[in-house]
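Letters A, B and C name the chains as they come in the text, with residue numbers starting at 1 for each one.
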Amino acid sequence: MAGPDARSGADLVLDRVTKEFAGVPAVDDLSLTVPAGSFFALLGPSGCGKTTTLRMVAGLERPSDGRILIGGDDVTHTRAHQRPVNTVFQSYALFPHLTVLENVAFGLRRRREPDPLGRARQALELVELPHLAERRPNQLSGGQQQRVALARAVVNNPAVLLLDEPLGALDLKLRRQMQVELKRIQTEVGLTFVHVTHDQEEAMTMADTVAVMNAGRIEQLGSPAELYEMPRTAFVANFLGQSNLLRGTVVENGGALVGVDVGGARVRVPAERAVRTSGDVLVGVRPEKLHLLRDGEAVPDDCNVVGPGRVTDVSFTGVSTQYQVEVPALGTLGVFVQNLLGGAAVGLGEQVRLACAVRHTFALDGDDDVASGVVALDESA
Amino acid sequence: MSGGQGAGALAAAVGVADRTDRTAAPAPLGDRGRPRRRSPGRWRLGDAVVPVFAALAFLYLLVPIAYTVAFSFNDAGRTNLVWRGFTLENWANPCGAPAVCEAFVNSLQVGAIATVASTVLGTLVALALVRYRFRGRTLANLLIFLPMSTPEVVLGAALLAQFLSLRINPGFGTVVVSHIMFCISFVVVTVKARVASLDPRLEEAAADLYASSWQAFWRVTFPLLVPGILAAALLAFSLSFDDFIITNFNSGSFTTFPKFVYVSATRGIPAQANVIGSAMFGLALALVVAVQVVSAARRRRRT
Amino acid sequence: MSIVSALGHGQGGGGTSPAVAAPRRRARGGAYLLLAPGIAYLGLFFVIPVVALLVTSLYVPVPGGEVGQFAPAFEWRNYTAALATYWPQLVRSFAYAFVATVAALAIGYPMAYVIAVRARGRPFLQGLLLVLVIAPFFTSFILRTIAWKQILADESFVVSAIRAVGLLPPDGRLTATGFAVVAGLTYNFLPFMTLPIYANLERLDPRMLEAGADLYADGPTTFRRVTLPLSLPGVVSGTLLTFIPASGDFVNSVLLGNTSTTMIGQVVDSRFFKVSDYPTAAALSVVLMVAILVLVIAYVRRAGTEELL
């Protein structure tokens, strides 16, 4: 059993953990490893089981099945108050009858640590709120409450710090500010952070490792760049950024490149970027990796080319221009062109071909749902 | 049902609920402080009708109290029916009339025991009802509700029927037992409302911060429940102190203050009874005013 | 808590209590441990006495025995006989209680409204007004009722004044009338009406009323469409807390009434103590209890408040 006095970050292992509510799985056979001292983000749509996962790690919910290990110790059956874990709750859960300082000192007092008030003050300095120590939680703004909740957790030096969408209630500016602050605190104190969010940008900018969760399972786990450049499922491809996914069939394999027939066109995908190398696949490419080729323009080396298609929509966003190109037999593809030249280069209704470097192409399982994980525009904001 | 609300109001009046009610769910800054006054506009007759009517209602409520207070100063002799002149004699010597102080002390004793016992029992039940799901919960709720929806004569008669069949002589003990019984339900509904309004995350946060469930209860849950429990205790005491019907059934020759007043009504109530009634009223008033002043001062100091 | 959640769960799937109130734990041992003392107490001193009452209501006098001696039996005719004799008192009790409840609502609602809404933001005034509603509890209600009796006595200056103005005939009186009894009931249970309504109105978000004013821009309409419906649970609680004790009360009818204002509580009391007719007293108590339960359930259903907090 892990004593509650682990002094620095420890690694966290979830081994085939399942949690059912009345027979319905909220977390389904989930396994993951969070290395000690890393900043780990759990990303996924609402209701996918992120909070439930955290609550199991914190000991507030008991897994229906599977094991949880912290620093190598099995804590599956350890009670919440005996785990070296602290949580920043989604709703802060500050104690209304205690002052800010006493809130922060609460955990230290429970463990009979020396000088709880002095250390609580230090923790308040860390979150830049020493001047509010004597206030009560209801006399603080939302952002201040959030920072108190953070101090209250960090001050205990937990082996693992769990953060459940702690920035969800904040406005954009404060949120960015707090992201920087969180990251700073994490590097400063060297704790293992498990940060739950459904803001993909937040996950990508802050975390060393991101796990994308969907319907109680981990879809993919890796560094932000890895997830973005080489998604392994349609859900990840669509949930993190946007992707063009084209149905195709593998017609040639065995070498370093896989040949795929996509609506009559032949494209190549590096074998190590393909989830499968035979049968039906989804060929994927990020919109910003596509180039528009006008009539007669030369095809660059090592590129896949599809089209021609007709430009059906052009929208200028400042940094880039976003095109929708309708290609017969393939559907509509999105293309982002960086605004290097100033203004749109291609007009509405023009016929273009689309090119993309072979090394930027990826292939997914053809059985995946093309639309899974597509983020509605208003939700991604 | 309403016991909870009534008691909530009671608590608010005494100021106990005031602080934590608003902190139970931390609201961001900005909405507090003085609410905006009614928007300026045309003065309407309608705006004055309601306050004037309410003022009359308060008058109605207070007239008999004023009468009671006034006649506590009556130089009454044996029957305090007509005004015979002002005296401080009754206040100087509140136990002057036979048995009045004894009855009053009896009432205080019964009230104190009934309050403590019913508050403890009722609080435990309230905790169980709100926080656990168990077989028989509906039945338990029903059992709490029934005594409140049963008129006092029925409760009194039922208890007496039982005491008689058990050959228990009515007296102090039976009065205390029956007061505890009818106070429990009111305590349960009052505390229940409070427990239900607590954020369950708070206790989880405590557990997360190394508090055992015992510590989490005493350090977090209980302090937050205190206003509700105090309100419930206050309600229990006032119900017990003012009860007549159930007491009358189950007291035998034991006398409480209301019973003393009722029984002596036919012969004439001594002015000392008015002294005690007035003093209790004054005490309640003073208590609340004091609490208000203190909490107002504290509010000012904090902000 | 609510009457409906108490009764409603039994009606199958009625448990629409809000999420906060939803029980979160399943550890049953703890629950039973917490419940045991209180529930056992109520079982011992509520359920068993009520059962004892039921049993007693069916007893028959011991043949040739003394007054107050009864033998176990199943004499259903105790009920029919009691009802045949005392139905006027029963009906009168409900009628008086009903009128008193309506009157208390008419008086108590504006009081509650003024304390909760008009005095909002003035804590001292609000606190003072509340105390004035509550503090009468501490002056014995019997003392206050007797005060009314003196104030309205035939020879009191109030009555003389009313007679002088001509509102009352020279031989007219205020005490010892049905009117006095109803007025006494109204007076005595007024705090039970006012407090729940106050508690309900106090919890209303003032912005809700502002939104109402914003949308309707008319005080009475805002009141009728927003305030009143939202305060309905308080009204239901208050009316129940007034009606139930009022219908069983006898102090007011003894102190303020005459022989033709007798209420059912008085009958139960005198059957018990004056003539030791325990079966009749018990039968009337059972009838009263059942009648009130039926009325309460019908009323709560009618009022349609799912959850009376």
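FYI, contacts are C-beta pairs under 8 Å (C-beta built on N, C-alpha and C of every residue); 3 or more make two chains touch, one makes a residue touch a chain.
Predicted, not measured: the structure shown is a model, and the values here were computed from it.
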{"item": "Chains touching both subunit B and subunit C", "value": "none"}
{"item": "Chain whose Cα mean lies nearest the overall Cα mean", "value": "B"}
{"item": "Chain whose Cα centroid lies at the greatest distance from that of subunit A", "value": "C"}
{"item": "Mean-CA-position distance for subunit C and subunit B (Å)", "value": "16"}
{"item": "Centroid distance [mean C-alpha coordinates] between subunit C and subunit A, Å", "value": "59"}
{"item": "Separation of mean Cα positions, subunit B and subunit A [Å, integer]", "value": "55"}
{"item": "Residue list for subunit B, restricted to those that touch at least two other chains", "value": "none"}
{"item": "Subunit A residues within the subunit B interface of the complex", "value": "4, 58-60, 79-82, 85-87, 89, 91-97, 106-107, 110-111, 135-142, 145, 152-153, 156"}
{"item": "Interfacial residue positions of subunit B with respect to subunit A in the complex", "value": "20, 22-24, 26-29, 199, 201-202, 204-213, 215-216, 219-220, 223-224, 302-303"}
{"item": "Sites on subunit C touched by subunit B in the complex", "value": "1-3, 5-7, 9-10, 20-21, 23-28, 30-32, 34-35, 37-39, 41-43, 45-50, 52-53, 56, 107-108, 110-111, 113-115, 118, 120-121, 123-124, 127-148, 150-151, 187, 190-192, 195-196, 198-200, 202, 206, 210, 213, 219-220, 234, 236-238, 240-241, 244-245, 247-251, 255, 264-265, 268-269, 272, 278, 281-282, 285-286, 288-289, 292-293, 296, 308-309"}
{"item": "Subunit B residues within the subunit C interface of the complex", "value": "1-6, 8-10, 12-13, 15, 18, 34-37, 39, 44, 46-47, 50-51, 53-54, 57-58, 60-65, 67-68, 71, 81, 120-122, 124-125, 127-135, 137-138, 140-155, 157-162, 164-165, 177-178, 180-181, 184-185, 188-189, 192-193, 196-197, 200, 238, 241-242, 244-245, 248-249, 257-258, 261-262, 265, 269, 273-274, 277-278, 280-281, 283-285, 288-289, 292, 296"}
